[in-house]
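If you scroll down you'll find the structure; I have some questions about it.
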Amino acid sequence: MSDEKVIEVKGLTKKYQNLTAVNNLDLNVYKGDVFGFLGPNGAGKSTTIRMLLTLIKPTAGDIKIFGKPLYANRNEIMRKIGAIVEKPDFYMYLSAFKNIELLGGLYGVDTSKKRLMEILDTVGLAHRHKSKVKTFSHGMKQRLGIAQALLHDPELIILDEPTTGLDPQGMKEIRELIIMLSKEKGKTVFLSSHILREVELITDRMIIINKGTTQIEGKVSELLNAEKITVTFELESSDSVENVIAESSWGNKLKAREKNEFIFDVGAEDIPAMNSFFVEKGVNVSAIIPKRSLEEYFLKITSGGAV
Amino acid sequence: MINLIGFELSKLFRKWRTYIGFLAIGVLVPIVQIVLHYEGDRFVNMALRSVQQSFMFDGNLLNGYLIGYLILQALIIHIPFLIVLVGGDILAGEATSGTYRMLLIRPVSRFKIITSKFIAGIIYTNALLAFLAFMSLIMSLIIFGSGELIVFENILYIFATDDVFWRFGMAYGYAALSMSTVFALSFLFSSLVENAIGPIVATMAIIIIFAILSALNFDALKVIRPYLFTNYIADWRLFFRDPVEIKEVINSGVVLVGHIVGLYAITLYLFIKKDILS
Amino acid sequence: MKKIIIFLLLTAVIYSQDKDPYEMLDRVKAKYDQIEDYEVDVTISIDVNFLKMPDSKAKIFFKKPDKVRLKSEGFAMLPRNGVNFSPAALLNGEYDALYTGSEDIEGKQYEVVKVIPKNDSSGVILTTLKIDPENDVVSFVESTTKNTGSFEVAVKYTEIDSYHLPQEVVLSFNMGDIHIPKAAAAQFDRGDDNEEESGKDDKDKMKGTVRIFYKNYKVNIGLSDDIFVEEEKEMKK
């Protein structure tokens, strides 16, 4: 990772008549990053990606890519970006080969049969290059989507939920491909997802947005630090329990209470001591659930979606 | 840009939809030719009936030119449907299939994409007309031979054999302008929506409504008539009068070119601003 | 109507009854009777209000008494009335003839005879003939018909083998109503067509001039009747 910003977004806002899809969003992606763009469905991820790719015009804000204002240098910038926006849609009535041949032609890059077959081989579609895309499964289209995003050897790759609809093996392959692109080829990857685990597995830095605004931003390693956790003690319900806690040294670590669930901001190393404390005070502990705080938070904003 | 037009054409001509028009003409024209082969004399006699009492004739007027003319006259009013079938789909189809997202993230400006699509559509329109000309005129000339052309345009015209071909050339040229206007209208509608059905229906509806307004003979409607482009799209027929009223042809042609340019410009303006949400 | 015409003509005749019109017409008839048949190349130039066409070249075949056949490589048309004027058709039936004097046309004297057929079948009410007395040929014809209006024919003759045959015929006519069917299939018809059509009635009358130039006569070559068969068939249609 370097200090060179590949994407620099300031105050990005998109308003529709009565809806603000993206609100004053700031975002920085550094060269060589695998950047995770995380948020629940409807958070404004797709709108942001479409603005980065000039499909949607921002209502306000600045976008610089490769250090240059996007709209003033659109074609120059787009030449160095490969992308999938939402689900990969192709010309169904054309073959896989013809699709990427035509799309590749728009970059003016080498679209010789050899080169295109190489790309198709990378994504495991070489044997089906003559088949029309309408015969392809979602997973195959997703892989063809990766092929079209890579065929002009872009510096920046923007992938919008690239593992959606894939089977576990397919997900794994895509993740490995992304890691390879970053580590071996030095590409910058901007990856959107609504799955925290996916972002955790492959990204270096991330941002969580919700309702069009940045909620959390930082290095994945720091944000998802195992040291910072919350622990939920499920305690025997009794009115005196709260007093017992309040009078003890753990009182100031209590973050929230929901019925008989008491959530503490503590370290993992504190769990045995706390457990002994409750036993000493004669409070029955029925469960101890440690959770990383970010996970907790993300669970909340995705309203119980898969993590 | 040439590359891009090639890109659009290769998409266009790999679609089944594009061939419906060619198929329709390819099937319909031979049927009309066969029917006229057997029944054409009756048509000629009917045309000459009014003067038959006072004149005697000799010579065969049922020839390739007449058949080419009759087919052009009969079919040209249906060609718009075949044009909008493709024109209505040319942008909206990309929205429906989601390929806007693939197409519009390339290092090619929307101006160029719209323009190349527009040109590809115009090429399709002209190819369809060229095919119609080939099937109805060239094939008829080969099958039925050439000769004088008899035409009704307020009065009866009989054109010398060597005075006909250029008229067809000009008429088809003008018809190309008319049909390009139809295409340009469907192109505009196509840019506004995400499904091809709407633009197809809307364009046909406008043509039919305008045509009815043009045909209704009320004073109030006469005032708006010059502003309805449908009023000009059948003016290829002016080339089958003598002398050809060049001033009128130019006037009508300018109106149509104005429409084409105007519709293209509006499409361009709207599409460049458009947020791609499909 | 007819009676009035006869009365008027009779009044005129009283003052000029110095030549016998019947004898005059008989001489003319005898002159034409010399021609059994002929074949001739013609150039037809049609200038009429209801039709536009280029000059056409054709062959005309004629055989006594009134057989006419037009033959052309391309398309040609010829008025049925007046062209190839032969007095036979007119003078074969019963008629009244009146001599109304002589007339000077372009420095030449012509005898003017009015002919009124007694038989209605020809459709001709009154024909004025202007006869060239030197050659006993009819140079001008003006006919009024019952149903199809009137026409005038001016004939310039050429002499071939002592036969007098037309060299140039100018036919002017103004006929009754004709109905040109409106062009079908005109969905995108220009509105202004309707305005023109709803204009004057005059437009619907057939009128105009047809000029015919004759060349390369072949006279009395014994044309077979077969040549005319097709034409008769066509006429029946």
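Labels A, B and C are assigned to the chains in the order they are written; within every chain, residues are numbered from 1.
Keep this in mind: a contact is a pair of C-beta atoms (placed from the backbone, for glycine too) under 8 Å apart; a residue touches a chain by one contact, two chains touch by 3 or more.
The structure displayed is predicted, hence computed values, not measured ones.
Chain B has its Cα centroid nearest to the centroid of all protein Cα atoms in the structure.
For the criterion of most C-beta pairs in contact, the winning chain pair is B-C. Subunit A and subunit B have centres, each the mean of its CA atoms, that are 52 Å apart. Distance between chain centres (mean CA atoms), subunit A to subunit C: 99 Å.
Per-chain CA centroids place subunit B at a distance of 47 Å from subunit C.
The touching residues of subunit B, when paired with subunit C in their complex, are 45-47, 50-61, 73-74, 77, 147-148, 150, 152-161, 163, 211, 214-215, 217, 222, 225, 230-231, 233-235, 242. Contact residues of subunit B toward subunit A in the complex are 3-4, 7, 10-11, 14-16, 97-109, 273, 275-277.
For subunit C in complex with subunit B, the touching residues are 49-54, 58, 68, 70-81, 148, 173, 175, 178-183, 185-191, 193-194, 196-197, 206, 231, 234-235, 237. Residues 50, 53-57, 74-79, 81, 83, 85-94, 98, 102-103, 105-108, 148 of subunit A touch subunit B in their complex.
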